[in-house]
Amino acid sequence: MKKYKAGIINVTGYAGLELARILASHPSVELCSVTGRSLAGKKLSDAFPYLHSLDLPITESLEGEVDIAFMALPHKEGASLVPDLLSKGMRVIDISADFRLKDPPLYQAWYGFEHPCPELLAEAVYGLPELKRKDIASARLVANPGCYPTSAILGLAPAFKMDLIEPNAIVDAKSGLSGSGRTPTAKNIFCEASEDVCAYSIGTHRHQPEIVQELSLVGGGVIPRVTFCPHLVPMSRGILSSAYARLKQPVTDEEVKEIYRRFYKDEPFVKITAEPPHTRYTRGTNMCFIYPVVDALNERLIVISCIDNLVKGAAGQAVQNMNIMLGLSEDTGLKAIAALP
Amino acid sequence: MKKYKAGIINVTGYAGLELARILASHPSVELCSVTGRSLAGKKLSDAFPYLHSLDLPITESLEGEVDIAFMALPHKEGASLVPDLLSKGMRVIDISADFRLKDPPLYQAWYGFEHPCPELLAEAVYGLPELKRKDIASARLVANPGCYPTSAILGLAPAFKMDLIEPNAIVDAKSGLSGSGRTPTAKNIFCEASEDVCAYSIGTHRHQPEIVQELSLVGGGVIPRVTFCPHLVPMSRGILSSAYARLKQPVTDEEVKEIYRRFYKDEPFVKITAEPPHTRYTRGTNMCFIYPVVDALNERLIVISCIDNLVKGAAGQAVQNMNIMLGLSEDTGLKAIAALP
Amino acid sequence: MKKYKAGIINVTGYAGLELARILASHPSVELCSVTGRSLAGKKLSDAFPYLHSLDLPITESLEGEVDIAFMALPHKEGASLVPDLLSKGMRVIDISADFRLKDPPLYQAWYGFEHPCPELLAEAVYGLPELKRKDIASARLVANPGCYPTSAILGLAPAFKMDLIEPNAIVDAKSGLSGSGRTPTAKNIFCEASEDVCAYSIGTHRHQPEIVQELSLVGGGVIPRVTFCPHLVPMSRGILSSAYARLKQPVTDEEVKEIYRRFYKDEPFVKITAEPPHTRYTRGTNMCFIYPVVDALNERLIVISCIDNLVKGAAGQAVQNMNIMLGLSEDTGLKAIAALP
Amino acid sequence: MKKYKAGIINVTGYAGLELARILASHPSVELCSVTGRSLAGKKLSDAFPYLHSLDLPITESLEGEVDIAFMALPHKEGASLVPDLLSKGMRVIDISADFRLKDPPLYQAWYGFEHPCPELLAEAVYGLPELKRKDIASARLVANPGCYPTSAILGLAPAFKMDLIEPNAIVDAKSGLSGSGRTPTAKNIFCEASEDVCAYSIGTHRHQPEIVQELSLVGGGVIPRVTFCPHLVPMSRGILSSAYARLKQPVTDEEVKEIYRRFYKDEPFVKITAEPPHTRYTRGTNMCFIYPVVDALNERLIVISCIDNLVKGAAGQAVQNMNIMLGLSEDTGLKAIAALP
């Protein structure tokens, strides 16, 4: 069978490493080139002993005939490289935030610098398959969503789409530490992060405009207010979002659950659970588990939405997008079940 | 100096053990009797080797002349014993929920059984010193607040008192595992709780009516709606509540912070922080760290409130109440700083 | 392609669940029957939501035409069922300890009861492929090794085989909590196991005679002394054994490393590492990473040996044995790389 | 009562912060000066919010009339400052390794540089109170022992003293992450350290010569061989050492336990336990729990020894030494019991 050739730019961060792991066992794709500046020259299996079977050399830039490139450099750093990759005929999936926000002034306001290639913004497709499947299928450039937004948007989309709630939501998210990356800081060492919970970037997190942008598209143009408050919890992987919104009119718990089940009826990676889900159910998998429940006493809808921030929140979703772009079965290489405990 | 004599009924749960630890070094109180049915006959130091210096025997019931009794039996179990303790002239601090809710039908609705001694409900004082100091000082029976309510009420009281917010709040709480006790279950073993987050008792948690009751008292009688959603996070101690409410009118971030600082001005155990607090700051201490912030974009107030669920959320607050009842300096025996990391 | 049919007796323990997970994606085997007494009647995916794609019903006993049965009941409970399974023509892999020790009196001394079917002891093959491959290939009944013994034996086998060390070793092992199973106890709840290390069963652990038995076979009949001291560390998966033994004569570090590399030259699941390995490298994989090093100053050999106790220490090794017994490529269904972090 | 004045040089590391915490509640000592270069100018309570009641300014160097100075700078950095402190009449307790090894060439071999003030080596007293009490009492300069050595030496001292074992031991130690300090590295971030165990510095750890030096003093001059192998386990605090040695002649388990109990009979901070101790028993306390057991089958003595690496392994032991030097009751300010869970 023809094997597509994939490359990862900046394989050395957690998202890049996770992409390498998933692609290494993808039946239709061959991971043939990985880059990373700090570790260039070393073999992947030497730099990261747990990837003992991946002896690809880490190079300065992509090498060989790559069909699909995963851009995993931090914001701004990778954007300027994208036009060149596209010009070489590659399809590009960008893990960074650079092509998610459609409005350049909004991007500048939240990310602090002018967008390096705004001309690509219109073309880039926000890579959330459950909402954007058709556009992704014909895209050259996919902007892979942020982890928190994936969880929040999937959790609230049915409610917005079916006009169940006021366009004014609160998303309280709890994330594991891998969401903040591999770079050591005073705050993410074990002794500072273990046995601790904290809130951060309250109402100022860059994922907030992304959530608002996508939910307004789902909600037929109404721009919702979204108060987004992320928290760090002492685990490596996982995001649990708890979303709260006022119900426009009374609706029973079973009606809401049915609306959610129907909205995600044929989705391979979204499952409406019978009980509130645990983030551990998603560990190492591309699943998103959602549990909507009506708080009738206070006329609110509460939606719990769990993902693995590195998989459905990054690398797994990127591979899911790749499968769509290449016309493969969407769950190819993504069938893993959580290895619990 | 005269030393008061204290006793703990059911020292074998986490709250009871924490009480023993705190009272063991209290300069004005002597822990002279501890009870526990399953471990009766053993010395505390033999049953719990880490309490190596506490060689009190665990007995079936309180022994000796006890001035102040801490009731740490589960809900309902201890309530029926309280009248007898009071009749013996003891002052009683009840760690359970039995005397917190003032309305017997409300108690029955949430706890599932008729209150065993409703005649004591009017007399019992809800033991939150920052709001109830005077009543506690003259009380015979104090109902020690729940852990989640302590965090939530302290976090929202200033905003309700000063009429800053609509009486319709969301409290999203994250708690360590010790909140659910020492009894082993399929859900709280290490392998099931580690590397995991989940929501539970969404909108149905027994602490919800308690939060509503106390905030309505603070807010001059207006009964607020409170959507309470607790979560378990993989740590042993700590609660972080994130509260969200609509601002009645615009107010600046600095104005809100000033209101909070003034409200808690002389409180020894509440501190308004400059940055969002971490639960670890409270570990092993009776402190509550609060951080209010205005989400101007969405016209919301967000309040982060951290406590150690076993200290300010249970045993520490009980000792704080005891200090008030005995006319001692309120922070006696409660001056510990967190032992970090 | 012909698919063999596999069944799991007692799927509800951690080893059973791990077997289900691995077999679910095995290309040549179909998991067609799983049993469990406490959860009989439920679907696996309902009892364990994270196994959302495994909707097999949990039954009281094996159903259908099973080619290979995995016995995952506790010691003694399953042994009596084995003769019947064999008589039905199934091949059986026993995860329990019941068929590991060859000597019935030794079994009785360590396990506390008479062996239920000693007539099968001679036939049963100790399922450590790296040492017993040929015998496994023709076996009807394989006794899957214990987790600690797998790590210890693989770590010391080359040294014993090549007569490098005195037959008198110390094995200090550190294990995650899943090794002690899913049953909740006072000791394995999160609050008791987190942020803690302890030693247990010092010199009295049942795995000690197993280690001695197998190393004496490797060492040409010399019965070694093995002091085995296990410890629990606050993680879910993983075993790291540190083995210490006196060198019979001086040997350089490089010579020893070369001996180890040669001994395990073509083994798909054993790798000699350049640096001391981390247990996390093995997480969710069937790998064993070994690092031998010479302590020249004290004339000792030290060997670090890491496995995932649920995979190479139980379910993965069982599937590896199955692959050998069925004549499949040994790494079929076992190619997973650790999903780190 | 006269209060002695204490100062901490480099309060910003974990040992320094722990010293600040302990001294803050010491009844006979006033912490009056703390230094730290990176945070000079800030108040301790602003730099470390959990130390909310310690509003001492962090300065570049000690200020005021300090009676006793705690030197908590890294190796070599602080040594050159010590002569000056002594000349000012201060007593100095050095937390670093600079004055522990008596032999300058040995120091150079293990630490990689010439000793900055070898003339003080003879005078400096190795600060292990249980073995060096008298010398500490009259010392000007105390070399506070390393964490691993404290655990190992206390665990083996009775056996060496009473000539129970061959002078050839193995010490396999398991430590929490705080032992490697506050500086963020690629290896100590939460995502790399959680859910993991590894060995490091096998046979090459700097604490090895320290253990050998002190045990040879206990053993009447016989220089033992000690194979020291440390490991990191996923917790913040705690060290558990498992020591193994050949018994010179048969001895019963009860005889050994009695020898140990007698050796440490009046020690306030060493307790021989009835069951193998857990590191958590020591958390936040200055205790060392020891459990010796005879492995009669293999003629070995095994000793389990637990401490909190930051307390008895550093700051608590330093304060214990200070109490001795100042003629105070040895457990002043050190009476804390572990706050469990």
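The first chain written gets the first letter, and so on, giving A, B, C and D; residue counts start at 1 in each chain.
Following the convention adopted for this analysis, contacts are C-beta pairs under 8 Å (C-beta built on N, C-alpha and C of every residue); 3 or more make two chains touch, one makes a residue touch a chain.
Quantities reported herein were computed from a predicted structural model and do not represent experimental measurements.
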Pair with more cross-chain C-beta pairs in contact, given C-D and B-C: C-D
Query: Measuring centre to centre, with centres taken as mean CA positions, what chain is farthest from chain A?
result: D
Whole-Å gap separating chain A and chain C, where each centre is the average of the chain's CA atoms: 37
Statement: Taking each chain's centre as the mean of its CA atoms, chain B sits from chain C at a distance in Å of 46
- line: Rounded to the nearest Å, the gap separating the Cα centres of chain C and chain D is 38
Message: Quick check: what residues of chain B touch more than one other chain, meaning two or more?
response: 14, 176-178, 191-192, 194-195, 234-237, 277-278, 280, 283, 341
Query: Which of the residues in chain C end up touching chain D in this complex?
result: 168, 170, 172, 174, 176, 191-192, 194-200, 202-203, 225-227, 229, 231, 233-238, 240, 242, 244, 276-280, 283, 291, 293, 295, 297-298, 300, 302, 304, 306, 341
Query: Contact residues on chain D for chain B in the complex?
result: 14, 17-18, 21, 24-25, 46, 49-54, 177-178, 194-195, 236-237, 271, 273-275, 277-278, 280-281, 283-284, 287, 289, 335-341
Message: Help me check something: in the complex, which residues belonging to chain D touch chain A?
response: 14, 177-178, 182, 184-186, 188-195, 234-236
